[in-house]
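Okay, got some structures for you below.
Two complexes follow with chain A in common, the first pairing it with chain B and the second with chain C.
After this line comes the complex of A and B, so read on.
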């Protein structure tokens, strides 16, 4: 127990770094995932094909392998970055974007097709149909699964610790070494700080789900 | 086919064919609709009349033949198609009002976003249209709060707000309770009187008699008869039409 209190500064620093990784990757994943979903339902066959291919590859590949590619293979191919955080953000956001794309796509499919037909018949372009009519209605169905994806993202960010990024889990590894007699307590501390992010997200999902239920 | 219109056709379909897999839903359709004409398309279910209606603004693609609106051939997907659709009003069986927008916003969305009309002007015109179809007082509500008949009248106002050259109605009263059918038909009859070019797919024979200039009878993907309502209802030429009408009369 004392090991936890002694290490609070490291925990706090790791917590902030994890939060940073999750927020930046989350924002990128949301934008990229929505774009991928839009491509998936677009009338252009090439865009649909690309999106399907990307999503299937990214979400069916183990995250560790994606990390390996972005941290070790990308630099060999000439994509250099100063910090491994960049590699972690690339890996986390490209992986999570595939899940976001699937959630948004299923949300888009939950909007009755007549809505899009009506929008097209008053002369809206594809982007207008999606942006003004379909996505605003898809949001309701999409938010709860999106929050689950974000919770998974927070936990997945711990893989970065194994790729030279010092975040919550990375500190956990360091502290376990320096407090060899209290590894269990150190790891309980690590878990606690993860829960500090994921539990509020879960509560938010619960709250939004209730909101949606009332609005219908 | 008794009536053949040529020259100044506003909507013109030439040798249009469409298949759903093995099913030949539109067989060599030729149809010309002049400006100001009201054409009612009737026929048994599965005869292809809805598909025909939806093909005119390319909600359904066709395999071959061509469709032209006001002399312009229907473009493939893209901006040009969107432009053309803005000139073709469409009213659906299931209303399809934008569920997340108020009644007023449903009517103003097209003019503002598609035509770039200023918000104030669009709202003024929308209110006038909503008054005209008798739902002005519902403007701030959401579609789900209105009855089916009211929703369909809003849908008509939404289409009219784009100032279309032609209005398509795809079974506009088929999803309505009997007592709401008339309120929608009255709006449509008024519209016909004002000179709107209309293509109406319907089972409402009363409307066909009252408002149609021509009745087009379809069966098995073909136009079997094309005549005036008077002629069609009193003296149908084909056995298919006689059979269809006899079933209507005995019920």
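After this line comes the complex of A and C, so read on.
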């Protein structure tokens, strides 16, 4: 138990780094995922094909493989990183973007057909239909799954700890080496800090889901 | 579905979209060519990097990768076989009518779902001093059993209430009604989600790499440790194997979903259609 209190500075540092990884990758993944979803429903065949291919491959690749690529294979190919956080952010955001794209796409599909038809019948173009009518409505259905994707992102960021980034899990590895006699308490401390992020997010998702369910 | 978003393209739109397609393809192709140029400047396409997969030592390389695939499938298979019954049990506890069973189960499930799998694996490995295999399997079991329980609960809650009421009315006990009436239907209904979760489980076996369980990715690492120049080619082959396995299971999930919805459509939609024909009054569109 004492081991937890002794290691509080490390925990705090790791906690902040986990948050940093999750927020930066989350923002990138949201932008890239929305773009991928728009490509997926666009009239241009090449963009559709590319987006479909990317999403299918990224969703079926284990995250560890992507981390292995960005943190071990890329540097060997001459892409050097100042800090391994960059490799972690590349891996996390390229993986999460595929899931965001799928969530946004199913949100677009959940908007009633009549909405898009009405928008088109008053002469709106594809970008206007999507940007002014469909996407704003799709956001409602998309938010709860998106929060779940962000929860998964926070948990997934733990893999970075095994690829040279000192976030919560990375400190967990390090501290359990230095506190060989209190491994259990060290890891329980790490778990506590993860739950500090994931449980409130889960409650938020639940709350939003209930709110939206009444509206539709 | 997507075609609702834009008109059937006329000659002008077709031209624009063709140009867009060409420009898009050029940009994508440019990216691919750029990657290939960078790779080949590192000598990635030299035959020496790849001939290990065909020459006399190929047998050893493939054997190692084969063992890796086996270890991956073994961990995933064992974990799935234990996680599913455990998920059913947890689901039963979660929907129990007795609150001092239901509420603690809910807390445990929230806890398991909120934890990174890799942390649970490490916990089992270090605290219980098990072999990497046991650690990987237990981590996967704990996490996926919680997910299976939640999927099944959603399935049971989606059933019409009459199912359970009818079961109780003919004198079944609550547990009997759950096991012989509700679960079989919930499992069928949720089969696509359950199979999709199998893909997640399969992907998560690669976390074994972190605790030195000798699965596919660890084998790739070992090969490249012996012969550093093989890093890229070994990684490429290993990743391709992983993606192929996962894609085929994903396809299976989609196939099951399509088959299921076709059956449902055969029952429900045809009934609705006949009603429509008889009444033939276009009602207000339901949102």
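Everything that follows uses one rule, which is that the second predicted complex is superposed on the first by the 211 of 216 C-alpha atoms of A that agree within 3 Å, B and C clash if a C-alpha of one lies under 4 Å from a C-alpha of the other, contacts with A are read in each partner's own complex, and residues count from 1 in each chain.
One rule holds for everything that comes next: a residue touches a chain if its C-beta (ideal position, glycine included) is under 8 Å from a C-beta of that chain, and two chains touch if they have at least 3 such contacts.
Since this is a predicted model, take the numbers as computed values, not measurements.
J.: Does the superposition put A:162 against chain B (first), chain C (second), both, or neither?
T.: second
J.: Give one of first, second, both or neither to describe whether A:43 is in contact with chain B, with chain C, with both, or with none.
T.: both
J.: Based on the superposed arrangement, let me know which partner A:114 touches: chain B (first), chain C (second), both, or neither?
T.: In the superposition, A:114 touches chain B and chain C alike.
J.: Please work out whether A:65 is in contact with chain B alone, chain C alone, both, or neither, and reply first, second, both or neither.
T.: In the superposition, A:65 touches chain C alone.
J.: If we overlay the two complexes on their shared chain A, which of chain B and chain C does A:75 touch? Say first, second, both or neither.
T.: So A:75 meets neither chain B nor chain C here.
J.: May I ask you to decide whether A:132 touches chain B, chain C, both, or neither, giving the answer as first, second, both or neither?
T.: A:132: touches chain B, not chain C.
J.: Figure out whether A:187 sits in contact with chain B (first) or chain C (second), or with both, or with neither.
T.: The second partner, chain C, only.
J.: On chain A, which stretch or stretches are contacted by chain B in one complex as well as by chain C in the other?
T.: Shared contact residues on chain A (touching chain B in one complex, chain C in the other): 43, 112, 114, 117, 120, 126.
J.: For the complex, which residues does chain B have touching chain A?
T.: Chain B reaches chain A through residues 57, 59, 77, 79, 82-90, 92, 94, 96-100, 109-110, 113-115, 155, 158-159, 162.
J.: Hey, which residues of chain A end up touching chain B in the complex?
T.: 43, 112, 114-115, 117-126, 128, 132-133, 136-137
J.: What residues of chain A sit close enough to touch chain C in their complex?
T.: Listed in rising order, the residues of chain A that touch chain C are 40-41, 43-47, 50, 56-57, 59-65, 68-69, 72-73, 76-78, 109, 112-114, 116-117, 120, 126, 129-130, 134, 151, 155-156, 158-159, 161-162, 169, 172-173, 176, 183-184, 187, 190-191, 194-195, 198-199, 202, 216.
J.: Given the complex with chain A, which residues does chain C contribute to the contact?
T.: 1-2, 4-7, 9, 13, 17, 20-22, 24-25, 28, 38-39, 41-42, 44, 110-111, 113-119, 122-123, 126-127, 199, 203-207, 209-210, 217, 220-221, 228, 231-232, 235, 238-239, 242-243, 246-247, 250, 285, 287
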